[in-house]
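Before I ask anything, here is the structure I am working with.
Going in written order, the chains are labelled A, B, C, D and E, and every chain counts its residues from 1.
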Amino acid sequence: MFKAVMMTGVALGAMLSVSGAALAADPLKIGVATDMSGTYASLGEEVMRATRFAIDEANAAGGVDGHKVEFKSYDTEAKPDVARRQVEKLVMEGYPVITGMIASGEGLAIAPLMQRWGSLYISVVNKADELTGANCAPRVFRVNTQSAMDAATVKPWLKERKEKKWAVVAIDIAWGRGSAELFSKAVKETGGNMVAELFPPANTNDFAPYIEQIKKAGAEGVWVVLAGRDAVNFAQQSKQFGLTDAITVAGVSFTTDGTVKTLGDSAKGVFGIINYSSTLDTPENKAFVKAWTDKYKVPPTNFEGEAYLGYQVLFQAVKDAKSVKTDDIVKALPGKTYDTIMGKLVLRAEDRQLLKPNYFGIVEAVNGELRPVVKTTVAAADVAPEVVCKTK
Amino acid sequence: MTALSQGDVPAASSPLLKTRGLLAMALAALLLGVAAPRLVSSQLMLSLATQAIFDALLATSVGFLVLQNGRVSFGQAAFFGLGGYAFGVLVARGLMAAELAVLTALALPTLVAFLLGLVFARIAGVAHAMLTLAVGQAFYEIAFRWRELAKGDDGMAFNLPPRIFGFDSSLLQDPSVMVVVAWTILVLALLGLALFANSRMGQIAAAVRDNAERARFIGHDTTIPPAIVYAISALLAAIAGLLQATYNGYIAPQMFHWSLSGSALIMAVVGGAQFILGPAIGAVCFFILKDFAGRFAEYWPAIVGSVLVIVTLVMPQGIVGLLKAGWFRMRRQA
Amino acid sequence: MTLLSFHDVHALYGQARILNGVSFEIAAGERVALVGRNGVGKTTVVNTLCGVTRIERGHVEIRGEEVRDLRRYTAAKNGISVVLQGRGIIGNLTVEENLLLGTATRRRGPWTLESIKALFPILEERKASPGLALSGGQQQMLAIGRALMANPDLLILDEPSEGLAPVIVDELADLLVRLGDQGMGILLIEQSVGLIRRVAERFYVLSKGAVAASGSLAEIQAEDFHKHITI
Amino acid sequence: MAIQLLNGIVYGGLLYLLAVGLVLIFGLREVVNFAHGALFMLGSYIGFTLAAAGHWWLGLLVSVVAMAAVGCLLDVLVFRSLRKHDHIVTVLITFGLLLILETVVTVTWGKAYLSYPVPKLLDGTVTIAGSPFPIYRLFIIVVSLLVAGGLAAWLRYTRMGLYVRAASTNAHVTSIQGIDVDRLSLVVVGLGTALAGLSGVVAGPLLTLSPTMGNYILIDSFIVVVIGGLGSFAGAFFAALLIGQIHNLGAIYLPWAATMLPFLLMIGILIWRPTGFAGSRT
Amino acid sequence: MSEAIAIQGIGIERRYGGFRALKGVDITVRRGEIRGLIGPNGAGKSTLIDVLSGRVRGQPGQVLIDGRDVSRLKPQERRRLGLARSFQRTNIFPMLSVEQQLRIASWAVAEAGVEEVMEELNLTALARMPAAEISYGDQRRLDLALALVGRPSVLLLDEPAAGLTVEESHGLATILRDLANRWNVTVLLVEHDMQVVFSICDGITVLHLGETLAEGNVAEIRADQRVVTAYLGTEA
């Protein structure tokens, strides 16, 4: 209970090291609305860890441009209506910089409200293209990789592969359907063909019927669009059925650090799209990973990296704006180049999507521990999605 | 699970407050609602109040089914979602005028519930709860997976037409306006339910709940009155769903989910499902509890759970039941 | 020896007082009837003995010892078998299984599966049928058979003649008299005069939750017997 | 096809292990136990702690024993005092318990997904109808059949089983025969909860562990219990197998409707026979 | 004479499982008559009332009210045609007040008559009490009142005196006789209390094991040796 009180309050590190100047300046107040008890609670936990890390770090350095950073967090249960209520509370309680939501539905639900509430939203996990595409809204930004960018990563990889008969297993939600469609297209364009397209419902307990169908279809490779529980269930059960050893298994959001850690040996040799990896070989990333590992004993995960990226972008925008007012931050954010753990990245002004490189990797043992390791890097320009957004 | 209130001091049955008294109370409540935005300056408070009222409407609809039909529903969200979805989908697609969409969004769930009521009313207890759960989940699955309808699991944001019934529709997304609208509807709904409970149809339904067999032998049909109660209960849920969809400008499959039905039932029982006012009071208390527990981040379920266990053990008749018992004790002593 | 006695027992059901100071006793080998109209608390006596209805005042003694915490199983464990009103056959258990339930207290004695079946041959014939498939009279035999399986010292029967053809009531009367002669106490809770006249040696007339009269038939009839019981 | 049917039996078997616990508890206590899924989850986590350290079988044993103890505690502390309450009130209380248990597990084990190893003895596959089939899945079938058989034998041929069946139908009449139904239900609720623990560990290598894992299987188990006819053991067994098959075959032949099929089946059966297919509880 | 027959059952059969509760019973009650229906427990009396009132269907069997075949009508439709009944086990609306349930009953058949019935059956003082809270005897009278609202033309009574004291039974008999006369109600009365039966019945039908054993007026029945052995015993 004590821990909880601390978490919702002011970050502890800040209280010890703030300078007089920082106290004088207005604090930067961030509202973290994330899933703490629902389907994606473990992702929410990763977001919270990155939040605490980034804010402690900033406050330890005397705040962001002299502004102390404070945050407050509420549980959205990964439900859009709850998310709406919690975000509204955060905004009205004075935490207008919103981040942390997991399910795309949550992000899409609150996006249109940002204008009305004078707040802003930085997506660090929502993958739905619409958020910065067809349904883009003012004051909504995204630093994480959207589905279209993942899809664009597939083709270069497929070209290198010799498997021609592919199956896809995708969760039967908008993200899964959309990703599966893009994958099928990429397979056909690279001269392969789809032998099975399967859409298990969310929270499937038993994947056996799907695994059997993949086997029966004679697929040489299977593309998996599953996340969280579903991903682990599928990986575990297909390993038991001998599927993982027999054919190539690859996927998106499938070989996240969390999944790999959970799965252990079952994950070995699985390919997958990686949006961020602690193994990225840049000086900034190495420094970040070291600091992170010193604090948490384990390297940062995919989502922790992307969430941290969000804070990097935000903090630099605050510095540029020389203000913690949302209007100023909103003006300062788009169109700039940011120094991040993934290199110098541009937050595109047209749709407010951060353009970042994407990776393809495989699960391998690194220093005796299994981890997704980057094998192919696709440059930011090559995966940049088409601009659909019309609103400014 | 059939009749919550069997063996208790009947509340709805004893001749209710006189109609005039009811009207006076309702009028006072309405005035209070209109004054509220002027008295409360915090937009947050108003917005929270607005959402608590939506919950209160949904809980009232569940409670009404318990009160009038003695049936426990685990699927009331079906009608809540149906109201919201019908409106959202029709408006987003521009299929019909917003006014017509409102009517459709209310008529459709009401009709569906009436038809279901003709069949479900004769099934009691756990089986009834599971049946309604199944219906709710079937709707949930449809909304969740049918992406062409309203973007499936992602849910769909939609814009209101500029004017609805001649009013600027953006006002409906302003908490200081919506809180008055929702409150007014809640007060009128409660008044309507009280009047219905006193009406012939309402009393016949109560008789069928009490003893369906005897109701037949005193000459009453026992299918239609409970079905009408289902319809009214669904109408209330649909109003709540419609209001929420309008206020949020957003619909999502969670509006159909059984966990929402379950919460509504919890609110109704905690408040006292054998009283017309009970569920609404329960909803407000539950809302405040959850809001409070929300400060403790991921520990909130344990807090809500513990309170739930304690509250139900201490007052199985609900908050209103406890208040009423206390009131009687006071009067007896006085 | 006194097997069972109620001493000024008051009991409430909800808000209504059902027993208003009931006292009676029954000894081994005695055949006693508790009579009175519906709603005077006859069944509540059984319910009180079985811990269904809480005692507000007064107490119950079994074999002369006060039993404070009456539970549903207390009577049976103390050698008192109860044949409930409506018989209490468990419908989805077979006839034989219903009989075996009677042996839960593991009291030994003359009554075994064999001797019960000898007494009621129909139960042997239908031993594998579910209890619900029996006719009313057969269910009554099963209920009595089950009660006897416990080899009780005292047998309490609540409205056993209900639904029985007169011929069977005759047989029942003979059986109860025989059991009494063998030393078993019989407490008959009845409205049917035909049965109680033939079985009971002593009567308690219950009215408004209290014993209004008691004694032999002649003694009772001298008083207001007809006011209180049927026919 | 043979493989598909087997898979249906695997999932059905798992459902049965959970559902029969619900039936046992409902029979004796008339409690519709919403916390059953959380108990399943707790059992799984308890077993995990040992299984992850390489003691799978010990984990199974410890989980079953620990959950039996939890069940007895629940019966004495909660269910016993709920006897006089309305069903809906008990549902609310078990729902509260569910929330509490989830938080307890979150605090103890964290929110991250965890996965069980397959015990060494049962690792690998055998070839059935020309394709590899995990030995572990056969193990699940064996376990559920053993439990079903054992339970059926216990219920049919033992004195206590007779009492349990009797008390599940009519607790009052049963206790009048001199049977302490409270003590009986201590055993039965303990057993039902132990079975939740057993199924939690057995399901471990198939399902991902998370504090909400119970919710995803609880609804299916409720459907099984209701279709089987509340409180019927045999009904639950056949309903579980049926739902297992429907899940599997539905996923293959009617994928668009697969998730709705169990619900539709339940609606159909309840309208046809409001008491489920094992029929009446008197 | 058919217009003088208020209610008639022809060849009524009914089985429960393998048990034949009624084996082709014929019964006729003339308008204005009070007919007693007696017989040992299990003779099929209540079943006969159930078939006549529509609680269960005859298999086969025909029920006529005023010469009209109502065999296929639901209980509520029969009630609206003037056929009312009471129940052996008190069958009332526990949560509704006395007056409220009588009023609800009146809506189906006639708009008025609630006060009248409450008056006749001494329920006026209890009008506002919830039925669950009134005494057993009052509940029995309420059960009867529910059947009497709207002055039905035919009244089927299933042991209305069960559980009443001798005085209460006596009072009830008087009320019944009186109302039957004044309101011209035809009554079929199942009752174990022979004092009630003998004092108010014009005719008696004796059922035994699902068949009609005897029929006749009070004196004939009391003298019938078969009835005495099967049912009346020393009471005759």
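Miscellaneous remarks
The rule is short, and it goes like this: contacts are C-beta pairs under 8 Å (C-beta built on N, C-alpha and C of every residue); 3 or more make two chains touch, one makes a residue touch a chain.
Since the structure is predicted, the reported quantities are computational estimates derived from the model, not experimental observations.
Number of steps on the shortest path from chain B to chain C, with steps defined by chain touch: 2. Taking each chain's centre as the mean of its C-alpha atoms, the one that lies farthest from the centre of chain C is A. Taking the mean of the C-alpha atoms as each chain's centre, chain A and chain D sit 36 Å apart.
The distance from the centre of chain D to the centre of chain E, with each centre set as the mean of the Cα atoms, comes to 51 Å. If you average the CA atoms of chain B and of chain E, the two centres end up 44 Å from each other. Chain A and chain C have centres, each the mean of its CA atoms, that are 74 Å apart. For chain D, the set of residues that touch two or more other chains comprises 102, 106, 111, 259.
Contact residues on chain A toward chain B in their complex (touch as defined above): 1, 4-5, 7-8, 36-37, 41, 73-75, 79-81, 84-86, 88-89, 92-93, 104-105, 108-109, 111-113, 116, 128, 130, 135, 172-175, 177, 201-202.
Of all residues in chain D, only 32, 81, 85-89, 91-93, 95-100, 102-104, 106-107, 111, 219, 222-223, 226, 230, 256, 259-260, 263-264, 266-267, 270-271, 274-276 touch chain B in the complex they form. Against chain A, the residues of chain D that register as touching in their complex are 3-4, 7, 10-11, 14, 102, 106, 110-115, 117-118, 125, 131-134, 136-137, 205-208, 210-213, 216-217, 220, 247-249, 251-252, 255, 258-259.
The touching residues of chain B, counted against chain E in their complex, run 5-7, 9-10, 12-15, 200, 203-204, 206-207, 210-211, 213-222. Chain A contributes residues 36-39, 41-42, 44-45, 198-201, 203, 205-206, 208-210, 212-213, 215, 228-229, 232-233, 236-237, 240-242, 258-259, 261-264, 266 to its touches with chain D in the complex.
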